[in-house]
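One chain, subunit A, appears in both complexes that follow, with subunit B as partner in the first and subunit C in the second.
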Partner chain A sequence: MPGALVDFYAKHSRLIDQIGVNALLALSLSVSLQAGQLALAQAAFMGIAAYVSAILAMQAHWPLIATILAAVLVSTVVAALLALPVRRLRGVFLAIATIGFGEIVRVFANNLSITGGAEGLSGIPNDATTPVIYGSLAVVAFVLFALSRTKFALAVTLVREDEHAARGVGVDVGMVRTLSLALGGAIAGLGGALYAHASFFLTPTDFGFARMEQILVWCVIGGVTSPLGAVIGAALLSILPEVIRFLSDWREVTNGVILLLVILFAPGGLSSLWRRGAIRVR
Partner chain B sequence: MSLTLDDVGVRYGGVDALRGVSLTLEPGRVLGLIGPNGAGKTTLVNAATGLAPLASGTIALDGERVDGLPSHRIARAGIARTYQNIRLFGALDVRGNLAAGAYARPGRLGTVELLRLLERAGIAGADLDAAASSLPYGDQRRLEIGRALAASPRVIMLDEPAAGMNPSETGRLVATIRAIAADGIAVLLIEHDMTLVRAACDDVVVLNFGEVIARGTPAQVGRDPVVVEAYLGSGAEALS
Partner chain C sequence: MFAQQLLNGLFLGAVYALFAVGYTLVFGVLDILNLAHAAIFTAAAFAAFSLVAAGVPLPAAFLLAAIFAGLLGILLDRVAFAPLRKRNAGTLVPLISSIGVAIIIGAVLRAVYGVDERHFTLGGLDTAPAIHLGPITFTTVELTIFLAAIALMVVLSWILRSTTLGRRIRAVADDRIAAALLGVDLEKTIAATFFIASSLGGAAGVLTGLEYNSVTLDMGGPIELKGLAVIILGGMGSITGAVIGGFILGAVETFAVAYGLSPWRDALVFGVMFVLLVARPTGLFGKRALRQA
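Then we have the complex of A and B:
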């Protein structure tokens, strides 16, 4: 690497890693939103996976890849199980139920001894390097791209557009909702495991409601039905605080203003600016 | 491949929306279903497509029971429908809506098949890349028929396909419906336009308060005093 690039990386490596993890988290919510599900439990899936991978690494000394796989498996199963009781919920009711689930997870993490309670865990092996994070992001992007060429993607679009009519053409709406939530859980789990291994500490506040809100804002700004939009939203809002550091006291206000501008002038998110007209089905 | 409803009843709360309805849809024939608003016509289609659970009776597709199956499995068994209030996938283009119709079929529709579907639905000139919601109202209704045909159904249920169409569009719809039946598909047509019913239907069933009050050819039904009293009034002339 040229010297300037090395310096740049050394200076910003933490931010670069954060962008990668945040992009994964945004993608995980995007998967649910694409199926029309305002399911806001991504932070909880992330947290569960983060604790699973951290505990396995610290107490059982599992290697990174094994802890990630175990964490993703657990978060996927939890998401699929959560899909069952919320099967009949839509819109704001689904949002409230899933936020409630997130709070339950946070309260458990706050009170269990294995998670270190409110103080959390410290001393997690710092082995989620930049190549690991971006390699994972590439794998997820490839899987999502491959899925976008299948009939499952068509089913997801149809469920989002009109569940009733989707059933009428033979789509198993319940299955599509469950699978999209489980897939979202898997990606959030991957993001959570990497988050744990890219930080030294892990506390319950790392995946509370504020985190969930942040993930939702990334997706709204990027475009709720566009995976690429979600990634761009996450990247933009991860970088922005660094770029406008002089406005750091006004960070929440700046975020709010950006959100408002996007909702007012590009309600479909930034991705809608380059994708006008009817949705094409491959 | 026929669809048989035997003694079908549907209850909403304490109200009988359908009671003891029996009818058979046969391949190549068009059965008209008429009756006043609230008579249970759409409920019958909802029952046959798994959206309204049966309180009594059975529904069988060529002898195989389909009642009690979830609606997506009924659709896959070969029963397609259109909706009284158009339910196209409005954000998708015309191609996407036809692809949606063919969701349960293996493989993908090629351009030749897509164009053929548009032709069968009577909108041969429609742009495959146009947003479905941008089509004129009558064309949206026809695209819904095209979407239903894309499933290669054995039974198709058309819920007021002429609603909102002008007389010349309605006239052309007759040819579309007869051509669908000529392909060996069993057709159920819910309609208020008696001129269309007479021109398109082989047989007619009349519903009132959830019960069958008459059945026969359009001409026979048009002469039935019970039907004239309950529903047709001056419209009876259109059927005879």
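Then we have the complex of A and C:
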């Protein structure tokens, strides 16, 4: 690598890693939004996976890859199980039920001894390097791209646009919703495991409603039905606070104003600016 | 012991109910989840703190802060919801723009007040001796908060039932297009709805600040989500349901603490909410009770 690039990386490696993790989290929500499901449990899936991978690494001394796989497995199963009771809920009701699930997970993390309670865990092996994170992102992007050319993707779009029509042509709506939530859970789990291994500490507040709001904002700013939009939304909004750091006290205000302006002038998200006919999620 | 816990539950529940009534009013009229409601709650608490610190008597500070919150609510609607309403933007996009406004309000408060906790100077109200009534005990502050919350909810109920504005609000909640065809000024009615809902949320913020005599930047966090549980319990859009839901939540929390379940309190609350949503999404009191309020 040329010297300037090495310097740039050394200076910003933490931010670069965060962008990769955040992009995974945004993608995980994007997957369930694409099926028309406003399911807001991504932060909880992320948290569950983060704790699983951190505990396996710290107490059982599993290697990184094994802890990540175990964490993804657990978060996928949890997401699939959550999909069962909420399958009849739509729109705001689904959102609130899944927010409630997230709060329950947070309370457990706050009170169990294995998760370290409110203090959380510290001393997690810091072995999720930049290549590991971006390698994972590439794998997820490849899987999503491959999926986008299957009949499953078609069924997902149909369920989002018109559930009754989807049923009419023989799509198993419940199955599509469950699978998309489970896939979202898997990706959020991957993001969570990498989050744990890219930071030293882990506390229950890392996965609270504030995190969920953040993930939702990334997705909507990028464009709800576009995976690429979700990644761009996550990247831009992760970089933004750094770019406007000079505003110090008024940085947060500026952050909110920019968010508001984007949403008011491009309700379909940034991706709608280059792709006509962006679709609304109800 | 039981009577005392029940009373504590009533005191806690009254403020939850007040907060949730405003939350659910906006949902009932506009079908949107207003995630800036808790930010306005916090802003009003800080406004009341500043007014009291500047020498304004507490009752006046309370009313002024509630009016301030109401105006903030109108501004919220103009900035975050009205432009989207014209475009029929669905439910997700307004949700995000309300998060944007919540971020801005929170950030302005942080820039103006910093992160330190603030306390009201209550001038004797807080040192007044506790009131004993048979087996139960309560403080003057608790009683004041309770009566203020109940009074505001009675006023709201009167407005919705017996005034022209109330009939207009209910008409818009029922069928926006039909209401407009019958000559109801939609934008004015929605602005009034936001004023009422936000001033109630703001009043709840001031009362919460008084309850613990503590005003902090993150005081709106817990009630934002618990408010969701309350309006689900009562049925989205139902005012009566939100009031009853608020009292149920207050009682559940108080008894959870009394029986040593304090750390698991929130899991209990959200667990009940989750089960109720799955089993009966319209809440205990059915959907759209605002229309019959």
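One rule holds in what follows: the second predicted complex is superposed on the first by the 273 of 282 C-alpha atoms of A that agree within 3 Å, B and C clash if a C-alpha of one lies under 4 Å from a C-alpha of the other, contacts with A are read in each partner's own complex, and residues count from 1 in each chain.
The rule is simple: a contact is a pair of C-beta atoms (placed from the backbone, for glycine too) under 8 Å apart; a residue touches a chain by one contact, two chains touch by 3 or more.
Remember, it's a predicted structure, so these values are computed and weren't measured experimentally.
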- Task: Based on the superposed arrangement, let me know which partner A:240 touches: subunit B (first), subunit C (second), both, or neither?
- Result: neither
- Task: In the overlay, answer first, second, both or neither for which of subunit B and subunit C A:165 touches.
- Result: first
- Where does A:66 make contact in the superposed view: on subunit B (first), on subunit C (second), on both, or on neither? neither
- Does subunit C touch more residues of subunit A than subunit B does, or is it the other way round? C
- Could you look at A:107 and tell me whether it touches subunit B, subunit C, both or neither (first, second, both, neither)? second
- Message: By the touch definition at the top of the document, which applies to A:173: first (subunit B), second (subunit C), both, or neither?
- Response: first
- Query: Of the partners subunit B and subunit C, which touch A:88 in the superposed model: first, second, both, neither?
  - Reply: second
- Footprint intersection on subunit A (subunit B / subunit C) at 280-281
- For subunit C, which residues count as touching subunit A in their complex? 27, 31, 33, 35, 79-80, 83-84, 87, 89-93, 95-97, 99-104, 106-108, 110-111, 221, 224-225, 228-229, 232, 236, 263-264, 266-267, 270-271, 273-274, 277-278, 281
- subunit A contacts subunit B in the complex at 151, 154-155, 157-158, 161-162, 164-173, 277-281
- Note on the structure: The subunit B residues in contact with subunit A across the complex are 49-51, 70-73, 75-76, 80-81, 83, 87-93, 95-96, 99-101, 103-104, 129-132, 134, 147, 151
- Task: Could you please specify the touching residues of subunit A with respect to subunit C in the complex?
- Result: 38, 85-86, 88-89, 91-93, 95-97, 99-101, 103-104, 106-108, 110-111, 209-210, 213, 216-217, 220-221, 224, 249-253, 255-257, 259-260, 263-264, 267, 280-282
